[in-house]
Amino acid sequence: MALTLPLFLAMVLGHVVGAGGALLAPTRAGARGLTTLGAIVGGAAGLVLGFDTLIWGTPFRLEIPQLLAVAGGVSLHLDRLGAFFLLVVEVVAIPSALFGGAYSRVYEGTHSLRPLGVMLNLFLLALSLVPLADNVVTFLLLWELMSVASYFLVLTESDRRETRQAGLWYLAMAHGGLVLLMAAFLLLAASAPSTGFADLRTAAAALPAHTRNTVFVLVLLGFGSKAGLVPLHVWLPLAHPAAPSHVSALMSGVMIKMGVYGLLRVALDLLGGGPPWWGGTILAAGVVSALLGVLYALMEQDLKRLLAYSSVENMGIIFLGIGAGLLFQSYGLTALALLGLVAGLYHVLNHACFKGLLFLGSGAVLHATHTRNMEELGGLIKGMPRTAFCFLVGAAAISGLPPLNGFVSEWLVFQALLGGPQLPRPELGLIMAFAVAMLALTSGLAAACFVKAFGITFLAMPRSVHAAGAHEVPLAMQLGMGALAVACGALGVGCTLVVPSLGAVVAGLGGLPAGLMTGMPGLTLEMPGTVGVIAPAALAAGLLLVPVAVLVAFRLGGVDRRLRVGDTWGCGRIGQTPRMEYTATAFAEPLRRVFAELYRPTEDLSIDFHPESKYFVQSIAYRSEVHPWFERLLYAPIVSFLRRMAFRVRWLQAGSLHLYLLYMILALVVLLLVSRWTS
Amino acid sequence: MAATFSQLSVLGSSLTLLFVFVLLGRRGVPAYVNAFAWQSIVLAGVTTVVAYYGRRPDLYWVAGLLVVVKGVAIPRLLQRMERRFHAERELEPYVNTATSLVIAGLLVLLAYAISRPLVALSRLPTRAGMPLAMGLILVSLFVLVSRKKAITQVIGFLMLENGLALLAVLGTYGVPLIVELGVFLDALLGFLVMQIFVYQIHETFESIDVERLSRLRH
Amino acid sequence: MGIFGFLLGPPLLAASLALVTVPYRRAIGWVNAALSLISLAAAGALGAQVLAGKVVVAGWQDLLRADALSALLAACVSVVTVLAAWLGPGLGPHDEPRRTRRFQIFINLFAFTMLFAVTTNNVGLMWVAIEATTITSAMLIALDVTKASVEASWKYVLLGSVGIALAFAGTVLAYFDFVGLADPQGAVLNWTVLRAAAPALHPEVVELAFVFILVGYGTKAGLAPMHTWLPDAHAEAPAPLSAMMSGVLLAVALYAIVRWKAVVSAAVGPTFPNRLLVILGLLSLTIAAFSLVMQRNYKRMLAYSSIEHMGLMCVGLALGPAGTMAAMLHLMNHTLAKATMFFLAGRVLYRYQTADIARVSGLLQAMPGTGWLFLAGALALVGLPPFGLFISEFALLRAGFAIGRPWLMGIVLALLTVACVGFVAHANRMLYGTPPAGVASGEEASWRLVPLALCMGVLVVLGLIVPPPVASLLVQIAEIVGP
Amino acid sequence: MRHVVAAGQTSLALLLAPGLAGLIRWMKARLQNRRGAPFWQPYLELRKLFGKEVVVSSNASWLFRAAPFVIFASTVATTALVPVLAVPLAFDTMGDLVVLVYLLLLGTFFLALAGLDPGSAFGGMGASREVTVAALAEPTVALAVFALALSAGSTNLGQIVAATLADPASAVSPGHLLAFAALFIVTLAETGRLPVDNPATHLELTMIHEAMILEYSGRYLALIEWAAAVKLLIFFALLGNLFVPWGVARTLTPDALLMALGTFLLKLLLLAATIAVFETRVAKLRLFRVPELLSVSFVLALLAVSSSFLLR
């Protein structure tokens, strides 16, 4: 269609106008409005563009060789893989922008409002353009623009110290990642005539194995740090909670997915797949991330940090699918490879929806109560029923409960892993079996985690004054959440309509064939390679039908319909207070004990006795913290190395002129010797 | 004639090198100033020799300038400075006299080593002096490193410049006159600037001990 | 000759005007500011002529000569000179006259020496000019006599002079070999002549000469381990001087190295000079990157960042023609970014009365214009898009990978990351948070931010498009420098 | 016809479930030398509960009232997927073993939320323990699924049964036996039997399931109790029919169906007796010893998968 260029321009212009409006609008409310409008218009155009290419395969290509001429020019190209990720971006971007329009009102009195608007639009622009990049410099530029814009977004509430700290960690990790990617791409491009992806694809085939392996390791680390793979995830639980909530939704829902995009683009598309250990490594990284992510999420009392760790978990699940796909691809099991990749991709889309939803929900909670600490929340379901319902949908979806979308993609990942026995080597099959078990454990723990997140935050009695006074958020915020909640349901029930087109996304990459769907179209989900069949729509119908039937039966059977409201039973004690409720910490206590070896919790119990008698306790203070010790094992050495080096070089500049003169002479002598010695 | 030329140039070069050893062997700044003045005059002599035997009349101008600027004017200014600061003795250098002399000797050997290709390539009668010029450069550098008083460092630097001039005269019969003039201008201005700073150091630190200038670090 | 007159004349005239006008008057400042623009225009015209394929030559024995390399450097020097003339002391009503007069004299002489250094064909006179830069700029570091500024100037003068003396030794050694070939009477120290004769020179001697030249000019270029004067001098100098030194003085010294590298490459092949450049470049990068990590003073931080970038350019020069182009583009970008940053740092220093990073906070709130520009500059200096340094670093790295030196580039990338994190950490601390008590809010003399914002704008433009004239200038430079 | 049988299977499961619970209770009582209530006692209890007024905590929200329906619906939905009497199943393509696991998780999820909703400390405690046990049981279940899928080539239950029936020898393979043992332990954990949970006690420190439903009364409690009983029956059906599929009808003739019903009842009786004996012989484990038990089941399941691989 000839519409692609106007759509593309509308997408870019929308964000540009949004950014410009945020900067130049005469009033602050106007800035907020233009920010939102630009973001939504740009997002909508991007959505249509993505659909167009994904469904009908309309190619879009744009070359601007004048821009960035020295580095190869700007080159944009949208294929199905890119279009899918563009869609993922926009599906979350539009509701988040809508939500953010109302949410960012709290920043109207501060210096941050206009930068927030500018950077939000730039961030969205970069996000939606990254999947279009078709040469190295365009990709890296947009990639870094994405990181930098989000760095500023993280710093929106920069008056807090921990926010600044988080921003720094984030930028350091992001930049480190970029550097690895730069190395990888340039290594790939070393022998190519240009840095265009088409040329890289051709050149990659001729590269020696060790170079290909190096490139793979570099991109795995580089994209892994963006995707939040353990142990490169440290920035994620710091930065995501620090950002404004609609930005967190975008970062957690969308930005980290770009790591998946990049890995697929390079490892599968440009390199065309590799030896089995590539897939195996990704698979292992997926298992570790999924499990550790959810285990740390469980221990969190901060709602947004919990969600951030849960993103680590879900990225792990995605990488399980992708890793399995690459592993199968390396053995030529194309149907299974396709299945694994489709599973990963579907989880990308699904996680974008429910994690976006949950972050928006946490934003609504924060908006209403001004706290993210779950120990101070509770009972919000009464004050903000709609938010609670949306959050519940998100929580159920992320826990993989049928018939919502998270269930479908986890099922697909299971199905892919169940293909393990078809691998020619039994030990690989066993690894797959182990991955299946760990995935199951992960989803069980995720359910536990979200029972905690929803139950402690929204149910029972409010644990603080803030929570007690909570009220429903403005309509725009509700709409933002509602849209994503609907998407969670629709992607679950309607998966049979969506999943087939995902096959086309990866078809052709790395020599994979187009995926053919089997089973009853539109009703059951079955693909070549799956050993099971499901029909989520039918399941949903069944799950709806049973309660209706029960209610009818109640009516017909003359069941007693009286209902009395009374106090919660308190062992005979009258007057229940929130202090008697189970806390978030207590909720996770059994699992903390079970995994104590991993958590190595620090506990600190201090009891103040009554001065007269130690049988009377005046107060008890209990403090327990979980520090990710393995992170300390990995990052502390790096930081201390940097420090040591920094101290060493400080010694060079010791202030003595004589020493400085000596350096000069030494430099002269050493270089003279070098020149003597080498010639 | 070539032999005379060669012998004269080596003799002159040796003398200029010897004067730098005064800075290592003696403690009094007046002695340093004298050594520098004499070194400059000997250098002027070598330049004259090269001008005569090498048939480079413009080098007479250079020799004249050397005598006027480095042989007379700068030593006068140095003496004034030294009287002003009463900094007559260089106390406790970083390296003691004996070790300094040994190191200087080693540096001269090093100079021979690194200038071997020069001597081997050159057909000039003056080539035998070049390692000595190189030695002068290196030993002057050593003076700069090991001596603490600002004024000593200035003298060390001036001797370094003399070494460069010697190298230029012996190796190339002098660089083109226009360059030579520029070099002289720079040398003079550089010295004046250094003098200003020595005064300023004395003003602000109440000493011209360079060791005290170690507030700026890291 | 005419165009060189318009290029070199204005700073000389400006210096003389300031010299003869006692006491200083503001009108002189305005005249000098206007004169700096003439010089800039001449640099532009020079560039245009060079682009038209002409090598501009003038003077007795071809004393002055401008090819693409000279034109690029001349443009850089005159841009920063314009900034210094308009933003430095001299135009304001409250500038102290004695101090301002001294500033006007020496800053213009400094600019003249640099412009002369990059436009003379005679490598001897190039040496003379670069030596003169030390003298003229040293007079300005201690514009306010304090212990720190005197110490910094003494170290600068001594290290600079000794270093440059070594460069002279190198020049003489190269000339020695050349004289041995040709008739001594006709020999002038012209670069063009040396370059033409280079293939016949003796490798041993040329290598020896290059070591001296590299250490000598490397001292002025701030290459480690001869860089030690640089943080002191940059931190103590007044802002316009720091901007000139960091922005262009280092570049001019590097220019001298590049000129000699062209000769040496032609004489002994590119391997030898490239190896030395990589050694010094990596050492500079390493020391600068790690020094940034624990830095406490933001002016010193900027100074170390200059060392880092000079090191990077050195490595780039060793990476063949593509690397040379990238390094030269980087030089240009760095000039703009660093000069801007030093002017901004000057504003910060004036407001906060401290160069201590720990005592500066909430810059974005206290001085929004300065703060946001500082932020942009910081991002530019660590090589983030959309600023020019990103593109030049990218091109440089690509050149390195393309000629098959992935390990070297890997180390460079790692060091750049360390530098980036260190730099951003400090900038972050300064920019965010709340300003300390007693620091007023709001910008003063905001018009002074306009040229700086313009510089950042140009930097963004350079990051997005390298204009075709600049690109073809770079191509010409790569041809001049050779492999 | 197939759909009628399917509906019949579901109804049968719903009808039999309370009786099964009662039977185990009766058997235990007999083993403990008590007379015990008759096995139909649970039916009477359900009827009584349906006739009673509901008391809801003032802290509770709509979720508290919706949860019993979700729990009941999810449990009923599983009965459509499990082969009780005959294969192939009518709703076999609706979901597989994985779906079954997730449907049960859906029930657990809402039960735990409902436990938290009234704000009582017991509810929170029960919910916390329930999700812990459920999560830790998941890997075993998944591996058992893997082992079954490995030999049957499908995760859909009807097809697994059909495959085992076609190749009876596979039923006694070491993989199958180990997987059976693993799943048996999981059954104890998931259905709240000893030694993980004691269905007969309301001693606050040891409760899991009962703690969560402490605030429920009337028809809501009835739905939850019923769902719990159905869950137990589902697990028995899985243990009985997936691993020992003999007797499951492959044709829908009345004879075959009667035969199937008979064998199914027999299997239930045997499993109920096993549980009853087991529950009389073991003491309840401390909560923090439960993971050890579950890790035993995990190892068994892992061995099951490995042996299936090696003996393939």
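Order as written gives the chain letters A, B, C and D; numbering starts at 1 within each chain.
Quick note on the criterion: a residue touches a chain if its C-beta (ideal position, glycine included) is under 8 Å from a C-beta of that chain, and two chains touch if they have at least 3 such contacts.
Every value quoted in this text rests on a predicted model; they were computed, and no experiment measured them.
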Report back the single chain whose CA centre is most distant from the CA centre of chain C. D
Which chain pair is joined by more contacting C-beta pairs, A-C or A-D? A-D
Whole-Å gap separating chain A and chain D, where each centre is the average of the chain's CA atoms: 35
Counting in whole Å, what is the centre-to-centre distance of chain B and chain D, each centre being its mean C-alpha position? 99
Centre to centre, by mean C-alpha position, how many angstrom separate chain A and chain C? 44
Euclidean distance of C-alpha centroids - chain C vs chain D, Å: 78
Two or more other chains in contact with one residue: find those residues in chain A. 650, 653, 657, 661, 664, 672
Multi-chain contacts in chain B: which residues touch at least two other chains? 114, 141, 144, 210, 213-216, 218
Of all the residues in chain D, which ones touch at least 2 other chains? none
Pairs of chains in contact (touch as defined earlier), listed by label: A-B, A-C, A-D, B-C
Residue ranges of chain A in contact with chain D within the complex: 378-379, 381-382, 385, 388, 392, 396, 399-402, 407, 410-411, 414-415, 418, 421, 426, 429-430, 433-434, 436-441, 443-445, 447-448, 450-452, 454-456, 459-461, 519-520, 524, 531-535, 538-539, 542-547, 550-551, 554, 557, 559-560, 562-571, 576, 578, 580-582, 586-591, 593-594
Counting only contacts in the complex, chain C reaches chain A at residues 154-155, 158-159, 162-163, 166, 203-204, 207-208, 210-212, 214-215, 218-219, 225-226, 228-229, 231, 272, 275-276, 279-280, 286-287, 290-291, 293-294, 325-326, 329, 364-365, 368, 379, 382, 384-386, 390-392, 394-395, 397-398, 400-402, 404, 406, 409-410, 413-414, 416-418, 420-422, 424-425, 428-429, 432-434, 464-466, 468, 471, 474
Give the list of chain C residues in touch with chain B in this complex. 122, 124-125, 127-129, 131-132, 134-135, 138-139, 142, 145-148, 150-155, 157-158, 161-162, 165-166, 168-169, 171-173, 175-177, 179-180, 184, 187-189, 202, 204-205, 208, 231-232, 235-236, 291, 294-296, 300
Would you pull the chain A residues touching chain B in the complex into a rising list? 650, 653-658, 661-662, 664-665, 669, 672, 676
How about chain B: which of its residues touch chain A in the complex? 94, 110, 114, 138, 141-142, 144-146, 148, 210-211, 213-218
